[in-house]
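Presented sequentially are two complexes of subunit A, the first with subunit B as partner and the second with subunit C.
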Partner chain A sequence: MEKNNLKAWLYLLPALLFIAVFLVYPLVDVFIYSFEEGYNFASQSFFGIGFYNYKFVLNDPYFIKALVNTFILVIITVPVSTILALLISMGLSSIKALRNLFQTIYFLPYVTNTLAVGMVFMILFKKTAYSDGLVNAVLSLFNIAPVDFIDGPYWAKMFVLCFYTVWVVLPFKIIILTSALASVKKEYYDAAKIDGTSSFRVFRKITLPMISPMIFYLVITGFIGAFKAYSDVVAIFGTDLNNAGMNTLVGYIYDMLYGDSGGYPSYASSAAIILFLIVLTVTTINLLVSKKRVHY
Partner chain B sequence: MTDPKEMILDSGDAVKSRIKKTAIYFFLAVWGLMVLFPFYWMILTSFKSLGEYNAENIPKFFTLSPTLENYIEAFTSVNLLDYIFNTVIFTVLTTLIMIIVITFAAFAFARLEFRGKDLLFTLILSLMMIPNELVVITNYATITNLDLRNTFTGLILPSVTSVFYVYLLKENFQSVPDQLYYAAKVDGTSDLKYLFKVMIPICKPTLITVTILKVIECWNSYVWPRLVTDDENYFLVSNGIQAIRESGLGRDNIPTMMAAVVVVSVPLIVIFLIFKKKIIEGVSRGGTKG
Partner chain C sequence: MKVVLKHVDKEFPSKTKGADSVFAVKDFDFEFPEGKLVGLLGPSGCGKSTTLNLISGLLRPTKGEIFFDSIDMTNTPAEKRGVGLVFQNYALYPHLSVLNNILFPLQNLKGKDKLTKEEMLKRAHDAAELVEISHLLDRKPASLSGGQQQRVAIARALVKKPNVLLLDEPLSNLDARLRLQTREEIRRIQKETKVTTIFVTHDQDEAMSISDLIVVMNEGSIQQIGAPQEVYDNPKNLFVAKFLGIPPINVFDGEIRENSLYIGDEKITSFAYGKNTAVKIAIRPEGLIPSEDGVLSAKFSSVEVMGRDISVIAQHPASSGKIRAIVSSVNSQNICYDSVKFSVAENKLFVFDSESGERLLADKSQVQEGKSKSAGKPKTTKKKAQTK
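The block that comes next holds the complex of A and B.
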């Protein structure tokens, strides 16, 4: 037993070492950073301890803008993508022919480089001196005046971002919901069929309760993922997100840390902790709601 | 026994169900097009010559004179090949080291006995809630202070542990029957040999799943590489693509940029088409992107 004891720790050593250095220590350190006022990377010095960093971040118009953008993105994309994924999964599980093909196609965005494909979206929506771009060309068929979706009005930019986000997150949700739907016992449907229950009622009384744990899982992970949106935004609007007015909370953190506007790890830390608290609150609310509503 | 539904099925119902089927297929096809179109557009654009592309006031859905010049341009005017090479090194090393580290950790948690095991495992599990954004700030400082910016070591080290995969693998290891372990012990097999001869072969499917998911993650990683590399010689594909976009090339020569985008996207799509079943199964068990 004793021998085993030491050996076990040896097996664990590499993992524990990495976890300690790159996960636990930074976790403690980020709180320290966030309270050290005016921390300087180069000299590793600071001039006081307190809430100044938080006050600065919460009063920074760029942060407020990032906060608003992120909330809009979350509120639009989480319900839209979940409902769309549910419709697609239900469609998929009600067909036999071509089902495999559709599933393969729907999964493609999951394995593509977010930065790379985001650039394709940028081109599709962009209006240049030469051309209004494909989307505007299609819109003009309906007599809609061309809009610059990339450098133009705020709602147009937000639309592209939401559209791309939904496009990127759907594969994961479709996979989860398709396998959840497949696990609903056939006997329930057979029983409902004999009783002559309408298909809407079957959906509401059988399907939805049976897959509700998975839907809530997707809502929770969806919220967390959308609050952390960043790469997709960079892919479409470039790295200067403050200038584009499209920054997100995570973008704000990285801008504070690095790049032309960077060098302020204390502000970045405060912003990261605020983001963490928001995600924690939203997740807790989700869990409380799901306790009441979800049928396990 | 006949299906009761069949007996009451009159022609009205048949028409209704056919309309319903058609509507479902139509809806699925529309979203299928939405997914495929960006891919089609990127491939199409990459084969249009620059002159042709710029002359199109309304973009055309086909090209009559496909050209490879954009691909040549993409490989010669930027170091696309270097970016790909860097990404391959980064992906292979990160995945390999991670698999080794998590296999040993999962084995210890699943099979060996030591004091405080349950407490330690619970503590590690609770770390799953910690978002990357929270720790990346200090890690950036750590790597900078160790003078590891613009090195592969700096790129790889913070990415080689995954609490979630330790958990996934531990669950899998635990499902291997105890009897096998005791039988091996009686035969005098060492723990290490047991791990390699019994555990790993049995749990190979999970290890493959984890490997593929990690490879996808590595190939697409953008944020961490951007923080710790500003020397072009260490750019990964995501950063390379972003650099191309912000440089003059991306602004003026869209077909070449699309050629680069195609080159970057193809490897993962090929991997996906080969391991389709494994990947989809793996994502439904352990995927997190979404």
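The block that comes next holds the complex of A and C.
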């Protein structure tokens, strides 16, 4: 061991260098900025050090709105998309004919550009002076009054956002779960069959535990991904998210850095640190829960 | 409960278009006797596992019928047949403890068969005790050795008190020492439970040592059925003779001339047979005895020492491979290390038709049968072989 130490560090050096420069240094820097009040990029100066940035951010109604939006998005889309993906991949695994066709169809959103898809959603849902949009046209068939999903009530906008997010994250989850299902050995099902196990019990007692590591992986990455939602929101609601009341945490950070009045790196930094702490906490809780539920 | 297969065929459609479908099992017709341990023996791809799956209900036969006692099970789904199946790689649920694995079949029971928690636990503990794994109940399968996992799998198959216990290559994942021990275990468990047991193996040693009956299969059809020693001592055809026995039997191209057997120019023994014909002569390694006045001379190549016995390896132009004689190491001094002469033990010598591979017997009354079997059939015939 001792002898190879130098060599080992040498091999690790390129990766370590990149991590240090592009990950560790910015993280530390952001952490420092978040305590420097009124930091100015141009002059590299600040007024003082303290918790004022955090106090400001946490009292900013826009931040609170972004926080609430993000939490709603996370809480709805992660379970819904995971369960939907599980159902779809179970369906895919149990059919033979047209399986490849369906797999391709389900995977298409994954290779489509976020902004392009956002445009499509806007066309589907937007209500203008000239047209009610496709979704409203369908709704009107059932005598439901048209709703403006893009500029209308909050729940309608949130619905579009969640719908969109679920649709975008589904393909990846389906791919992962389909392969996870395929990797469960046939003998387990044969053994269960010989013992007369009901299909619900087979699912609950065999399939689910066997693919639990993959489900867990999807939940964790799903949480992290949803907490970092931004481009999807921009694609549907445009860049003036605070005005639309649809801002997210990452959107808030971006606005603080570059927004119209722009240039509050200190506030942006403390918001970023808060987001980091939230993701860290949620992931830790996930890991703790998974210890009991996930079987490797 | 006895298991009866009546002219069972299993045909798998070919994957490529135009090609013929494959018969995994062909005309399997046999009654597995109640309470016995029967070994299905054959090389890989001979259809023995398929036969097992047909009995378990995981596969349905293309033709023929399957009965458990007098109940027609041909189209009964696996879960209603009441069979216990031990898989080759055990198929223990890795996320469940040993106890929960054994409990699993019991927890499936519904309706009038439903057991209380206490009954389930009692049955599971009884099964665990039978296979001697009571001290491992809290462990996960991954933390057990291969032999222990095997026992858990057997306990899981036995806990629901199956009509028939099926074992698919039960010992192939164990190391040599464990294999010996486990096969004794299987024998003991079978004797204790008296459950009709059918097990599949490609290892003749395994089949011979613990079975009441062995069924030798090749290319989907039964070659011979009988008690292990009987099949070994009296093989029905060349395939069975070659397949049973370690080291393998020595096969020579020979001929019958004037009621005598010849290998090359050497007369081996007299053999009453109606006509002169080319034959295959098979002699078990223990039937070749090196001696100075032997009838078969061969070119000596080497000696293999195997502890208890030694093998004399020699070459003979009438035999394609090496020929091997097993000699107990006590009388090894007789061997002349240049060319060897062997005398032949007649009860270890078998004569087969060189075309069909069917056994030819010197007995007059058997001559007719030998003829009818060899008539224009391809290498292995589909004739079912009943010895008794």
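FYI, the second predicted complex is superposed on the first by the 274 of 296 C-alpha atoms of A that agree within 3 Å, B and C clash if a C-alpha of one lies under 4 Å from a C-alpha of the other, contacts with A are read in each partner's own complex, and residues count from 1 in each chain.
Operating definition for what follows: a residue touches a chain if its C-beta (ideal position, glycine included) is under 8 Å from a C-beta of that chain, and two chains touch if they have at least 3 such contacts.
Keep in mind that this is a model prediction, so the values were computed, not measured.
In the superposed pair of complexes, A:K205 makes contact with subunit C only, with no contact to subunit B.
In the superposition on chain A, A:A229 contacts neither subunit B nor subunit C. Looking at the superposition, the partner that touches the larger set of subunit A residues, subunit B or subunit C, turns out to be B.
Once the two complexes are laid over each other on the shared chain, residue contacts for A:V78 go to neither subunit B nor subunit C.
Legend: residue contacts after superposition of the two complexes on their common chain; A:K185 is shown touching subunit C, with no touch to subunit B.
In the superposition on chain A, no contact is made by A:L241 with either subunit B or subunit C. Once chain A of one complex is fitted onto chain A of the other, the partner contacts of A:V279 are limited to subunit B, with no touch recorded for subunit C. Touch criterion met: A:I194 reaches subunit B and subunit C at once. Touched by subunit B in one complex and by subunit C in the other are residues 193-194 of subunit A. The residues of subunit C lying in touch with subunit A in their complex are 56-58, 78-80, 83-85, 87, 89, 91, 93-96, 104-105, 107-110, 156, 160.
Residues 4-5, 21, 24-25, 27-28, 31-32, 34-36, 38-39, 41-42, 45, 54-59, 100-102, 104-105, 107-109, 112-115, 117, 120, 124, 127, 130-131, 133-142, 144, 157-158, 160-161, 163, 166, 191, 216, 219-220, 222-223, 226-227, 237-238, 241-242, 245-246, 250, 254, 257-258, 261, 264-265, 268-269, 271-273, 276, 279-280, 283-284, 287-290 of subunit B are the ones that touch subunit A when the two sit in their complex. Contact residues of subunit A toward subunit B in the complex are 1, 4-5, 7-9, 11-12, 14-16, 18-19, 21-27, 29-30, 33, 41, 84, 87-88, 91-92, 94-95, 98, 102-117, 119-121, 123-124, 130-134, 137, 167, 169, 171-173, 175-176, 179, 193-194, 218, 221-222, 224-225, 228, 230-231, 234, 238-239, 250, 253-254, 257-258, 265, 268-269, 272-273, 275-276, 279. For subunit A in complex with subunit C, the touching residues are 185, 187-188, 190-198, 201, 205-206, 209-210, 212, 295.
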